[in-house]
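Could you have a look at this structure, given as C-alpha cells, before my questions?
Chain nomenclature is as follows: A, B, C and D, assigned in order of appearance, with residue numbering initiated at 1 for each chain independently.
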Amino acid sequence: MSERISAPRIQGIFTPNVVPLDASGAINEPELRRYVDWLIEKGVHGLYPNGSTGEFTRFSPEERRRIVKIVCQQAAGRVPVLAGAAEANVRETLAACQCYAEYGARAVAIVSPFYFKLGPESVYAYFREIALHSPIDVTLYNIPMFASPIDVPTIRRLAEFDRIIGIKDSSGDMAFMMRMMQAVRPIRPDFAFLTGWEAVLVPMLLIGADGGTNATSGVVPELTRKLYDLTRAGQIDEAMRLQFRMLELFDAMLYSADFPEGFRAAVELRGFQAGPSRQPQTDRQRIDRAALQKVLQCILADFGYVEAPAAGCPPRTGDMSQDRVCHIAATVVDELQRRGVI
Amino acid sequence: MSERISAPRIQGIFTPNVVPLDASGAINEPELRRYVDWLIEKGVHGLYPNGSTGEFTRFSPEERRRIVKIVCQQAAGRVPVLAGAAEANVRETLAACQCYAEYGARAVAIVSPFYFKLGPESVYAYFREIALHSPIDVTLYNIPMFASPIDVPTIRRLAEFDRIIGIKDSSGDMAFMMRMMQAVRPIRPDFAFLTGWEAVLVPMLLIGADGGTNATSGVVPELTRKLYDLTRAGQIDEAMRLQFRMLELFDAMLYSADFPEGFRAAVELRGFQAGPSRQPQTDRQRIDRAALQKVLQCILADFGYVEAPAAGCPPRTGDMSQDRVCHIAATVVDELQRRGVI
Amino acid sequence: MSERISAPRIQGIFTPNVVPLDASGAINEPELRRYVDWLIEKGVHGLYPNGSTGEFTRFSPEERRRIVKIVCQQAAGRVPVLAGAAEANVRETLAACQCYAEYGARAVAIVSPFYFKLGPESVYAYFREIALHSPIDVTLYNIPMFASPIDVPTIRRLAEFDRIIGIKDSSGDMAFMMRMMQAVRPIRPDFAFLTGWEAVLVPMLLIGADGGTNATSGVVPELTRKLYDLTRAGQIDEAMRLQFRMLELFDAMLYSADFPEGFRAAVELRGFQAGPSRQPQTDRQRIDRAALQKVLQCILADFGYVEAPAAGCPPRTGDMSQDRVCHIAATVVDELQRRGVI
Amino acid sequence: MSERISAPRIQGIFTPNVVPLDASGAINEPELRRYVDWLIEKGVHGLYPNGSTGEFTRFSPEERRRIVKIVCQQAAGRVPVLAGAAEANVRETLAACQCYAEYGARAVAIVSPFYFKLGPESVYAYFREIALHSPIDVTLYNIPMFASPIDVPTIRRLAEFDRIIGIKDSSGDMAFMMRMMQAVRPIRPDFAFLTGWEAVLVPMLLIGADGGTNATSGVVPELTRKLYDLTRAGQIDEAMRLQFRMLELFDAMLYSADFPEGFRAAVELRGFQAGPSRQPQTDRQRIDRAALQKVLQCILADFGYVEAPAAGCPPRTGDMSQDRVCHIAATVVDELQRRGVI
C-alpha cells in the first residue's frame, strides 16, 4: 500500500489541553506555556491543542492558529503535537494544515463535519479531499455525540490514503474499536487507534489501542501515564484498580457541568488559572461549579495530588452518582444560606 | 413588561437563502443579488441570510458579514432582513450584531450553541448575555437535530428580555410549538413564532404561528406565499391541497441528498447558478444529484414553474419514497451505462 | 382494489379505556361496565379496549378476552368497538381476532411487534400474515416509542390488503401522517387515519385525519367530542382555544407519572374507582400521584367538570411545566411534614 | 447485609438457548433435549431458557413453563439453570418464580419492564416487589434497547435485597459495567455481573465480570468456553485473537437478520432443527436467510466446526460489513436468477 511510512506510529497519551484565559477572556499565553511545561514534565506523551476540551469552536480562526503556535513552540520537540485543524471548510482547513506543518506539528487531527449531520459518502468526500492535499499527516476524529459519525466502511476506505495515519474515537464503544481495527489493520498495520473515552482506557489498551487523547490527562497526567505504563507492562490488576478510581474522577468532571467546564475546574485545582469560560455562566452555575470543585478536590486529595479541603471530605460510598449529587446539593444549600437566599 | 415594543411583529415567509458560488468557490455576488431580487419579486416577506440553508458554518466570519451586507443592500428596504449572527463566541456574535444593525437588518437570528450539547441553564446564559448587549432585536433559533435544544421553560425565561422578539423552531413538533405559545404569549403578546419545518406550514399557521423561515421558499417562493395567503384568508382546503403537493417537493429536496444540496439543486432549476458546494462531493454523489434534479424538474413542472424534461416524466404513484428511489436508481443505472461502468 | 368495502370508514373519537381493578387487583367488572356507559353517554364515538392506556401487556390472555367481552356486551351496539388483539404470536393473535369477531367488535387493532425491534420487512410479514387470515377487519397501530415502527412504504404495501382498514398513529408527527395519507389514499380512499396524539388532535383533523383513539377522551369525553364537532363544523378558532387548554391537561397526565398512571388518577376524579395499578408503586410515587391528582382537579375544575379542591387552586401562569412542578413539590413537602419526615 | 449467602456466585457462560420448533410451530421437545445435552457436553457453564434469544415473548405462559421444565429436567443438575421468568405482571411473575423453583432452577432472570418505558422509580418498585416475595434467587436483566433501562442508582438500591444476586447487562457499555461494580461491590461482594454482549466478552471478563449469558454460546459453545478459560488463565493475547474472530461471527448473526433469526440459522448449521420462526417471514427474507447461512457456514468452517460449502468460500477481507453485504447480495442475485426473476 505504502512505502512512505517512516514516522513512527502515534501512540501513548496525548493531552487535549484546555486554554487558560485572562480576566478579559483573551488567551493567557504565559499560563498556557506554563501548563504545557507541566504536562510534559508529568509525563504525557503528546499534546493536542484545539481539541473539544480546548473548545476550538469558541475561538476565532486566528486564535486557533495562535494556540497551536504557542503549544508547538513551548513543546519544542520534547513531545509530538497533534494539532486540531478543523476550519469552516476544506480550503480553510487545508490552509491551517499548511500552517501547523510549518509550526512543527507531528500531525493534524480533524473532526468529522459537524452542525450538519452528513451521511457516510459526504464524510468520505470531506476527508478524501483533505487527504489528497494536506502537507501533513492527518488523524480522523470520530465523536458521534457532537459530529457526523464516521462508520467502519468509511474508515476502511479512508485508510487507503497514506496521509491518514490514525483515528481518535470518542464513542467509547469497545466493539466499534475492534471492528475498526479488524477492517483497517490488514491493509494498514501502521494505522493508529486512539481512544478519547478514558472511562475505559485500560480495556481499550488491552484490546490493542495505541493510546488515547484524554481530557483527564490534562488534570492528572501522572495517573493516565501510570495506567498506560502498568497496562503495557502487563500489570493489569493494578491498572484496573486505578482505572476504577479514575472513573470516579472522570464521571465527576464530565457529568456535573456542561463539558468541558468540569475539566477546567479541575485544572485550576492543579494550580493553573483557567480563567472565565467563553460560554457565559449563570449565578446558579457558578455556585454549582464551586460545589463541584470541592468534590473534585476530595477525589484528587485521595490520590495525593492536592491537599484535602480544610473542612474535610465526607466518606464516599462507591455510589458515585449519589455522592456527587448529595455533596453538591449540600454545598448549594450552604451557599444559598450564606447569601441569605434561604 | 415592556414599553419599547414599536416595531411590528415579524411575520410571513422569510427565505433562508442559499449562497451562489462561482467556479472557484467564492461568493458569486451578482448572482446572489439577482437571486434576492427574484425572491422579492416572487413575494417572499423577508430574507434570512446565514441560515442553515445558507450554510453559515461553511463560510468565514468575513464572508458571513459580506453575505448579510449584500442581502441588506439589495433588499434595500423592500422586505425586512433577519440576519443569522451566530459566531464562535458571545463577543464575536455581539460584534456581528452591531455590524448587522448598521447594515439595516430588521433583527438577527441566533442559533442555539452547537457542537457542544449544552443543558438548559447554559443555553439560557448564552442568550441572556446576547440579549443584554445586542444593539438589535434577536430571534432565537431552535434546531434540535443540529444544535443544543431550547426547551419551553428556557424560552419562557428568555421571553422576559425585550430584545428577544421571537423564535424560529425547526423541530416540526406541533405540540412543542403550542407549548411555547402557551408559555410565552401571556407575558409577551408581541413575541413571534416562526416554523422552519414547511412540511407542516399550513397546520402551523392554523394553530397560530406567525410565519416561517423555509428553505422551500427559496425554490418556489410563489407557492409558499400562496399557501400563506390562502391560510390567512381561511381557504384551508385549497391551502392543504397545495401543502400536500409541496410536501412531495420538500421531501425530495431534503431526503435525497445531504442538506442543503437538494435545495441548491432545485434553485438551479429556477435559473440561478448555485455553483459547486463547499462540501466536497464524490462522483457517486454527483450522479445522484443529477438524478435528483430530474425528479425535481418533474415535480416543479407539475406546478408549472419549469418545463418538463424532454425525456418526459414517469407517473408518480403518491408513494413518494418509492417514486424517488426508483427514479434515482433508474437514472443512476443509465448514467453508469453511459459511462461504461456497467 | 376491493369490492367488499361496505362497512363505513372508522371515524370519530375512540376511547382506549383504562381497566378498573378491585382491591385485590382483579378486573372490577361492575365498575368497567359503569365506565363504559358513562363514556357512551358523554359522547365518545367508539371504544378501544386493550390499548396501551388499557395496559394490555399487564393482563393475561384470558383477562384480555374478558375485557373485550365486557366492553362489547356493555356497548351493546351503541358505539363500535375496536378491540386490541395483539398476542404473543400470530397464531394466538388470530385466535383472539376470531374471538373478538364473535363478541361483535367492529374491528381489531394490532400493535406493531414489540420488545424485539423489527425492520420493515418483518413488520410487513407480520401484518400480512394477520391480514390474510383474520376473520375481522384490522387496524394497524403504530407507536414507535413503544414498538417497532411502521414506515410509510410498509403502510403502503399493507394497504393492499382489504382486511386492513386503517391505522392508528401515536407518533404525533404531522408530516408523517400526511405522508401516509398521500401514499395510501390513491389506492384506498376508504382507509382510516386515526391519531393517538391528542396534543394535536385539532390540527390532525384539519389535515384530514378521520379521528383519534385518545386516552384523554376517557377523562373528558365531553371535551374531546366538542373539539371534534367544532373542527368538523369549521369553527377552528374555538376548537383551537380548547385544544390549547386540553394540552395543559394532557401534558399533566402524561408527563407527571409513568404512563398511564396519570390518566388513571384523572379517571378517578370523574367518579370511577381505577383501583391499584398492576405496576407496583413506591411510597414516593403514591405521594407524587396524590399531588398530581390535586393539580388535575384544578385543571378539570376550570373546565367545570369537577369541583375545585376545598383548599383552592393556585393561579397557573401558562408555563405548564413550572406550575406542575411547583405544585407537586409543594404538595410533597406538605405530605412529608405531615408524616414527620422533615 | 446478609447471612444467607451460601450458594456460590453465578459465574461462567450461560446459554440463552433458542427453542427448536416442529413443522407446525410447536415446541420440538426431543430436539430441545438433544440440544441441551450437546450444549452441556460442549462445555457451557449453565443454561438460560426464556431469554431474548429464546424469544420468550413469542410463547404463551404455559409454553414458557414447559420450556423451563424441559431444560431443567434435561440438565438434571449437570449445570445450573437460570430461568427467564418475566410474565405480564408481578403476580404472574411470582407464580412463575415459584414454579421454576420447584423445577430446580438455580435462579430466575427477570427482564426490566418492557413495552411501557418506565422511569427509575417504577423499575425499582417492580423489582422490589419481586425481591420481597420470590421463593428463588433473582438476577436482574438490563437490555435498554428492548426494555426500560435499569440505571446505576437503581441497581445500587436493589442490591440491598438478598434475593437479588446479580445482573445481566446487554448494553455492551463497558463503563456502565464498571460503574455498576463500583456501586454494588462494597455492599454486596457476592453480587454477580454477567454481560450479554459477547462482542466484548474478553474485555468484560478482564475488568471483572463474572461471566456472560451469550447467544453465541448456543452456536459455538466450545469457543465461548475457550475464551472464558483463556482469559481466566491470563492468556489474554490468545483470548483476544479469538475474540476478534468471534466478533465477525457475532456481527454476521446479529446484523444480517432481525434478532434472533441469524442465531437460529447458525444453530441449524451445528446440526439442530430450529424449525420455522414464530415471526412470519417473506420470500425475500427466506432468500436472505439462506444467503446468510452460507456466510455463516464459511465462518464456522474456518473455526473447523463445520464443513465449508461445496462451492467454496470467497476470501474475507477483514472488512466484515463489506464481505457480508457482498456475499449476501451475490447470493440473492443468484437466487433471483435461478427463479427467473431477473
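Convention: a residue touches a chain if its C-beta (ideal position, glycine included) is under 8 Å from a C-beta of that chain, and two chains touch if they have at least 3 such contacts.
Predicted model only: the values in this text are computed from it and were never measured.
Between chain B and chain D, the least number of touch steps comes to 2. Rounded to whole angstrom, the centroid-to-centroid distance between chain A and chain B, based on C-alpha atoms, equals 35 Å. Measuring from the averaged C-alpha position of chain A to that of chain C gives a distance of 48 Å.
The set of chain A residues touching two or more other chains is empty. Contacting chain pairs in the structure are A-B, A-D, B-C, C-D.
The residues of chain D lying in touch with chain A in their complex are 152-153, 156, 172-175, 178-179, 181-187, 197, 199-200, 202-203, 206-208, 236, 240, 243-244, 247-248, 251, 317-322. Across the complex, chain D is touched by residues 25, 52, 55, 57-61, 88-92, 113-119, 121-122, 124-126, 128-129, 145-147, 258-259, 278-282, 284-285 of chain C.
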